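Just so it is clear, A, B and C label the chains in written order, and each chain counts residues from 1 on its own.
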Amino acid sequence: MPSAISRTAPPAVAAAPAVLHQPQRRRVANRQALLASLVCAVVLLAIVVVAGRFVLYDVAVATDFSQKNLAPSLQHLFGTDWMGRDMFARTVAGLSLSILVGLLAAAVSSVLALVLASIAALGGRRADAVVTWLVDLFMGIPHIVLLILISYACGKGFWGVTIAVAVTHWPNLTRVLRAEIMQCRESLFVGHARKLGQGSIAIAVRHMLPFVFPQYLVGLILLFPHAIMHEAAITFLGFGLPVDVPAIGVILSESMAYLSAGMWWLAAFPGLALIATVMLFDLAGSSLRKLIDPHSTQE
Amino acid sequence: MVREEQSIHSPVHTGEAVHHGHSHGASSQHAGGHHLLQVEHLSIGFRMYEPDAAFFSAQQRSYQVISDLSISVHAGEIVAVVGASGSGKTLLADSIMGLFEPNAEVTGSIWFDGVEQTPESLASLRGSGISLVPQSVDHLNPLLRVGKQVEGVGRTRGRRAESDVREAASEARSARVQELFERYGLSPEVAKLYPHELSGGMARRVLLCCALMDNPRLIVADEPTPGLDLDLAVRALDDFRAFANEGGGVMLITHDIELALRVADRVAVFKDGTIIEETSVEAFNSPDTLKHPFAKALWHALPEHGFRSGAAC
Amino acid sequence: MASFVVRHIIRLMLLLFAVSIVVFFLVSVSPIDPVQANVGQSAYLNMSEEKRAALAQYWGANTPIWERYINWAHDFIHGDMGTSLRYNAPVSQVIAQRATNTLLLMAVAWVVSGLLGFCLGILAALKRGTWVDKVVKTYCFVLAATPAFWIGLVFLIVFAVWLGWFPIGFSVPIGKAAADVTVFDALHHLALPALTLSVVGVANIAMHTREKAIDVLESDYIRFARARGYSPWQALRTHGLRNLALPAITLQFASISEIFGGSVLVEQVFSYPGLGQAAVTAGLGSDVALLVGIAIFSAALVFAGNLIANILYGVVDPRIRAGVGSYA
């Protein structure tokens, strides 16, 4: 087969080599962009908190019966409700409340998780068994039921819902951190440090903290979205923030009576705004995770 | 030399004849006037951050794991690719199988049996033209019995065959499994075992049977004898020798130069992402017949007694 | 096998015991006065002292908590879960009646979200990096940030108010005698809540399956199967599906807690008379007996889910079955 033979000859002079495979994603997450998105998310959330707390709060509770039941327009971006309150102002005020509850509750919850995880991982077998059992117990009751119970036990209201969210969100993070600390304790570098005669506090601070802290930080930020959503859910059910406060849960719960009258904007926009807020927190968390993940050097 | 002459070989080379940048072993054949496998100018790169730069100012750049690599496999021979562990040899094996990492950039040309291959044609050669023998039993599905796995699926991809045709094909495949098991001394009961129940020797033969199911012409073996000492490893590779003697080609990827010199016909030294020397085993008889300084250094590093000169195999 | 059963029964007992104590404790430390909560502020103020005392006796406000607990536990062991003050019926009867509705709702959502999520996850993994993958990922990402009850509200607006396809609430048409309710009626009222719960549940299982499937596709044995000429789908079908389906089913069983939580919210949105709605009513009305009963029922449900998940792990993997503990 002469033709086959002539085809077999590789080109004597290598021109541009034939491409066998192209990288699937040319655009790769780069660190500056991740940092920028982290900063943007945090700044946006801060703006919402400040605006909702200090600028728009009075507007959010001001009634104007000449302006009631208006569909969204340029004047009232999210429309108005049956008392003529501006839904945009109410939404922003509600978000700022949600974020505050979320921050507070997530912070407390994450500290709880860190403490319990440390006790479990470093406190011996019995302590570990107790913490593990506590985790199982808390995970054994459906989250919402537990939230209802705790919020009810604390007398509902701002503190009720904050405490409820704070004391129900630690089990997952506790599990993660416990495994992390245990792995760290068993690791070779900690073993070597111990053999070199370093004290346990020195080991904890110098070798384990830098290892566990990033995990903790990411866990903390990823707790916010859950905390915010559960605050809204509990308030929606009537166990959270009181009805005279412009909270997202209250807004959505009140909207139900007016949905059949076609006032869809009462539910649609506050909900979308809540989703956007939760996603901003998710974005911040995942950006941070990618930044501190050592595997991200090779994307 | 004129280019046309380069591509047409006499059926058998002598050790001294050099072409395409390599010399030949006694059993190297150019069936049909060309190499069984020829890889030219293969480069594989990944994009990653510069590790030395400051964290946020680090730029992404492309890192070449394999650069401008060329290697050939003739019919009837075992070519050993020798290089340090973790230096990218497995990437070479995957590229020949047409399996590319999603974020890798791969350039170069691969010729099989005289025809330049595209990624699609390489994919269609898998199993039937070129087969891979992996390192260990980890490459089998832990949850499926061995016999089923060796049997695999036929190439009726995309086509809806009639049920009796399919049945016949499936019967033919299980007959082929029995034939291979018999030939490699595996009892029929082995087919009913799960991968974790196989002994080391059984596992190796099972993996070879997988590779031979669809009568390939080239076998790429990626460290097929992990953890075996030299003599055992050499014996374990007898099956590969037999395959080569029947006219197949074997690319044996290993980190063990002594093993390579004992069983291979030719040795390709893999260093810093490319093949720096591709030559016959006989060339390792003396440092003078080796061209590259690293290959010479390798020769000097060999334990004298472990090296049999003129391993004809 | 026998020791396995006994061990888990003991665990369940311990768990339920702990749950009942926790619930009892939480409900009794509440500053909310059950008498006031049930009679109403103005009625309470106008009430005579004797009437208040009698009511407080009726609601059990004067007995110390541990005494109330022991009374309750004693009755519970004898099969009496107490009387729901809100529904004026034995707790067991209220739960039994409403559990049927809730379990039906959860079962539909469980199956639909499981199947849909699994298929989407596999599809996204096979088409990794393409627009299909991006659509699935975006869907899951957005959905994970969306409260279940808001989806319910949106479905209510779109399907019930605008399109008028489904009724706005209740599990059967209002004003129809129970005997006249047809299966169609029941399904018609079940559809929207079930759809809401299913849509919400997809995200979790789809993302989990996608990650696992990508792991499997990159595993040595799939790479080897690919090297033998299998297409990605063939390789995944013969070597991956079993390894993927069981973790997915396991995850579904383990996520019963979340599905129950979702059903509480969804039932509230659609006025669906299930356990969730009863729990909310009990909580708002300080109906301690019913609240404890529902909490224990839900804990038992979650326990059952986790137990099945644990058993499934063992059934699937021949290495665990044979007692080979180590995963290579």
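Just a few scattered comments:
By our rule, a residue touches a chain if its C-beta (ideal position, glycine included) is under 8 Å from a C-beta of that chain, and two chains touch if they have at least 3 such contacts.
Here the structure is a predicted model, which means the values were calculated and not measured.
Of all chains, the one whose mean C-alpha position sits at the greatest distance from that of chain A is B.
This structure's chain pair with the greatest number of C-beta contacts is A-C.
With centres taken as mean C-alpha coordinates, the chain found closest to the middle of all protein C-alpha atoms is A.
Each chain gets a centre from the mean of its Cα atoms; for chain B and chain C, those two points are 53 Å apart. Rounded to a whole number, the gap between the C-alpha centres of chain A and chain C is 22 angstrom. Per-chain CA centroids place chain A at a distance of 49 Å from chain B. With touch defined as above, residues shared between interfaces to two or more other chains in chain C number as follows: 129. Annotation for chain A: residues touching 2 or more other chains are 24-25.
In chain B, 102 are the positions where the chain touches two or more neighbouring chains simultaneously.
Interface of chain A with chain C (complex): residues 24-25, 136-137, 139-145, 148-150, 152-156, 225, 229, 232-233, 236-239, 252, 255-256, 259-260, 262, 264, 267-268, 271, 274-275, 278-279, 282.
The part of chain A that touches chain B in the complex is made up of residues 1, 4-10, 12, 14, 17-25, 28, 30-32, 35, 297-299.
Touching chain B in their complex are the following residues of chain C: 128-129, 220-221, 223-231, 234, 238-239, 242-243, 316-319, 322, 324, 328. Note for the complex: chain B touches chain C at residues 94, 97, 99, 102, 123-124, 126-128, 131-132, 134, 137-144, 152-153, 155, 157, 194, 196-197, 210-211, 213-214.
Touching chain A in their complex are the following residues of chain C: 15, 18-19, 22-23, 25-27, 29-32, 129, 141-142, 144-150, 153-154, 156-157, 160-161, 168, 257-258, 260-262, 264-265, 268-269, 276, 279-280, 283-284, 291, 294-295, 298-299, 302-303, 306.
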